[in-house]
Amino acid sequence: MNKLSFKGAIPPMITPFQADGRLDLDAHIYNLKKWNEVELGGYLVLGSNSEAAYLSEQEKLSLIEATVLHTKEGRPVIAGTGMESTLETIRLTNKAAALGAQAALLLTPFYYKGKMNESAIIRHFMTIADDSDIPIMLYNVTKFTGINVSSRVVTEISAHPNIIGMKDSSGNIGQLIHFQEAALDNFQVLTGTASIWYPALSLGVTAAVMALANCAPKECVQIQKYYESGKLEEAKALYRRMVPLNTAVTATFGIAGLKYVCERAGFRGGYVRNPLSELTIEEKTRLDAIIEKAELLK
Amino acid sequence: MNKLSFKGAIPPMITPFQADGRLDLDAHIYNLKKWNEVELGGYLVLGSNSEAAYLSEQEKLSLIEATVLHTKEGRPVIAGTGMESTLETIRLTNKAAALGAQAALLLTPFYYKGKMNESAIIRHFMTIADDSDIPIMLYNVTKFTGINVSSRVVTEISAHPNIIGMKDSSGNIGQLIHFQEAALDNFQVLTGTASIWYPALSLGVTAAVMALANCAPKECVQIQKYYESGKLEEAKALYRRMVPLNTAVTATFGIAGLKYVCERAGFRGGYVRNPLSELTIEEKTRLDAIIEKAELLK
Amino acid sequence: MNKLSFKGAIPPMITPFQADGRLDLDAHIYNLKKWNEVELGGYLVLGSNSEAAYLSEQEKLSLIEATVLHTKEGRPVIAGTGMESTLETIRLTNKAAALGAQAALLLTPFYYKGKMNESAIIRHFMTIADDSDIPIMLYNVTKFTGINVSSRVVTEISAHPNIIGMKDSSGNIGQLIHFQEAALDNFQVLTGTASIWYPALSLGVTAAVMALANCAPKECVQIQKYYESGKLEEAKALYRRMVPLNTAVTATFGIAGLKYVCERAGFRGGYVRNPLSELTIEEKTRLDAIIEKAELLK
Amino acid sequence: MNKLSFKGAIPPMITPFQADGRLDLDAHIYNLKKWNEVELGGYLVLGSNSEAAYLSEQEKLSLIEATVLHTKEGRPVIAGTGMESTLETIRLTNKAAALGAQAALLLTPFYYKGKMNESAIIRHFMTIADDSDIPIMLYNVTKFTGINVSSRVVTEISAHPNIIGMKDSSGNIGQLIHFQEAALDNFQVLTGTASIWYPALSLGVTAAVMALANCAPKECVQIQKYYESGKLEEAKALYRRMVPLNTAVTATFGIAGLKYVCERAGFRGGYVRNPLSELTIEEKTRLDAIIEKAELLK
């Protein structure tokens, strides 16, 4: 079989909004063109950092369409089309496919978390895979969902020819190895956080979907280049420099923080949507110091 | 001021689906007519037990419309129109209002839980209240959202004339009293679980939105009648008899269990939607024993 | 069988320390004499509020001895002699028995929480019950232990003639009813928190071990008296008045707060032991306002 | 300054018990002599895997004494002398020092977890460091304590000349880097789990206290040797082979599992103490398969 696979740093793209909350597609396209200039491994549209939870279906489709249209030739576009309902996920995934997305990254359903046991999750992904027009991947992100999939789930779903991988955002290297061991052939485990980008590379991971790749795409790419050319010390040093910035734009300051750093790095971050809050001046000052220490703008 | 207030047992109505997953509006109307025969205090359409997470917007609107149309004269219809986005919540709430819903019960947003601090939640509800055509209530349900609102949030939002109350599903009596104390005048605290129906009544709560009112509406109503007529021992005895059944149709067996007991009690439960799973035969047997012990069908 | 049973409000007694951290037995005896003047239902020595985690075995034995010696005739003394190890618990419990304690309240072991499944907990309690010279009770306190026992555990252990009851500190009325239903005859479920004292009374609970009984013993006793003499409105009003004070001396300000309120109410609270911290002046001011609102000193 | 520092794999030694629960010091000495034959970096006596929660003080002192006496010349002995009380911790630590332990690894206190904020934890460690006769280290192990220390705590305590490091058992590489960055000079961050042994080495960690070093000491040592001699592929391959075995002897089967694998590897594991349970035959069979796959006995 000749499955789609991924290589490189992939930004889970932010979605710029205007001050009144409207989607700013122009800013999105502007960002995309800037990202196209870096050797990124593809794009994730509608991931957690896109504020997908706040987007209408029409906005989601517009974003997919614009992304496919403006993506540099040869770069895969992954769409985050997971919904709580199995059938709705199939429906939205196939709309994304029709617009040109090459793969879908699907959240584990989680609202009724007490009932989302192994068999419910396996059935959800197997059913979608059967009916999806593009290959799918599982997105394991416990901090948002409260769900952490087991190795058994990985073994089962990796047997399906249309399920080509997973993104694990746990930051837990031991778990990542368990997932790698549990997966059957031709199933790719991507890391979902820059906090383990270097160690993950050293353990055979070849692609990462990580928030940091929005605002520090060159650095994310460079860590992998260093690693692959055997410059391990340089890779490690750059990775270590990026870890505090990554923590800042994820756990500490969230999407508003990520957008602020994007702005400072020349992208168009725009506003966050309510109920998310913009950064305070004091938070921006703290973040400025972290940007400086990470030498991001040098 | 003459705010809307609630009295009595209110079922967060299940949504019957057909075997292929399609919405079964006829079954919903059938159930509604049966519930109309009992002295319930109103209806919640699109609550957690409705599998709202699995419904499309069109299905939501159909359910609101059918509910308003078939509800017994004088009974308020509350719509669960909470979305993650502040603006989307306003939009959907006003559609519900246009269809005749009298109030909206709105989940605290929770996907980006690390950022849903007091001020974000307060701003979310105040903004919606400003623009909503019907009064709104806050829905605090930690087991699904991971968010538990503070007394300060209750004090702040209760000052808004268009925020008329909240539903607390914690089952924690001490917390319920704190919410009652924290609220300004004309703000109603409803309990969201039958597990404290009798104690809540004895502490001044007058209305409850509770899963059990789907399958045991008469019993839920009777507990309150006994209480209000001073028959405390009868009220307590019936309440105690219902607690294990309530646990079964919520924590233990979830919505599939609730629908099964509804079927056994003469309602049309129908199927659950994927990724939820139907009960196994073994689970049904366990549930039959609990129904028997609760003397539900006598 | 003629098992020991409890009735009334029971303080899990604080342990006064001097400024240098030394045990202040005189202050303890002073407090005991004051509590003796109120119609309390007995005493718990070495509960969580005693800072038992910070006491040496010799200090524990001194406290049991002094308590037994100075307790008003006829009031049972319960000792908190639970340890992580089954054998150590038996050893300490029998020392307490030799000093005159009438019963032991034993924490579920919890350090290796991943392995403290139902069968491990049942075996722990059954083994201790076999070898204990006094009757024992299970102490279920999830906020400290991370363990919440199941109804099955209650059913199993309640069959042992030397296991006479349990204290549940969850504040969850639904769970308390499940425990009552699960227990075989002659097994008493005590509540472990004043946050549900009135509702628990109304559901057949006759005794409570609650932090609040340290600093507000008369009020805790009076709630029950009102309840038992049919003055339900008075019982409820007093209970409601006490709930915020109870929250303050438990969840909000912890043992340092409890000791401060004890001091203000005429008891000798003394210092807390390190690593616990004394209240700041700002915290004392906040607590003064809560005391005032509860009308504790009137 | 010339602080003590650690290098290599350090077993948090199991404590063998006899069938009746008595401490089996001979078996402990037997194990120690076998571990002495491998190039381990020292020993931790009284860590979590020693069932320290079940040991009396006299047993603890016997174990320290025996360990110091039988340890190979030049290998540091670390004692786990953390207690909940600050003063008790000082007392026990100095007894350990008098018996020849070179350093102490101290659990964060956790029973009153709601009050164990940054300042309480910092004061606890600073006070102990002032009065301890040997250097101390902080032991951060959230799965047992529910406490996860912040970078600020690390910065503060690392300024104390008698606090020489910490063990972080989180398995979270991003957090480990934050701790490394937060620490002032001459403060060593050890990893507390074999699940990140190779990545931790690649990021400058030079010592690990890990359960797996009990039953697979040669393999744990060999991973580091390979790494340091530049044989990265061999290091990674061996590490990957060990990860599933490590999960088995920690999260999955706990101390009973670890002791079973120790027995199979020629050590004297002995029995666990109650309330821990021995493995069932079925569990042993599952563990045998994991041992086989890890090629431990080849």
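Lettered A, B, C and D in written order, each chain numbered from 1.
One rule holds in what follows: a contact is a pair of C-beta atoms (placed from the backbone, for glycine too) under 8 Å apart; a residue touches a chain by one contact, two chains touch by 3 or more.
Since the model is a prediction, treat every value here as computed from it, not as a measurement.
Peer 1: Looking at the contacts, which chains touch chain B and chain D alike?
Peer 2: Output, common partners of chain B and chain D: A, C.
Peer 1: Taking each chain's centre as the mean of its C-alpha atoms, which one ends up farthest from the centre of chain A?
Peer 2: Ranked by distance of C-alpha centres from chain A, the top chain is C.
Peer 1: Quick check: how many Å separate the C-alpha centres of chain A and chain D?
Peer 2: Going by mean C-alpha positions, chain A sits 36 Å from chain D.
Peer 1: Roughly how far is chain A from chain C, centre to centre by C-alpha average, rounded to an integer in Å?
Peer 2: The mean C-alpha positions of chain A and chain C differ by 50 Å.
Peer 1: By the touch rule stated above, which residues of chain B touch at least two different other chains?
Peer 2: none
Peer 1: List the residues on chain C that touch chain D in their complex, please.
Peer 2: 21, 48, 53-56, 84-88, 109, 111-116, 119-121, 123-124, 127, 143-144, 146, 251, 254-256, 273-277
Peer 1: Sort out for me which residues of chain B touch chain C in the complex.
Peer 2: 171-174, 177-178, 181, 193, 195-196, 198-199, 202-203, 232, 236, 240, 243-244, 246-247
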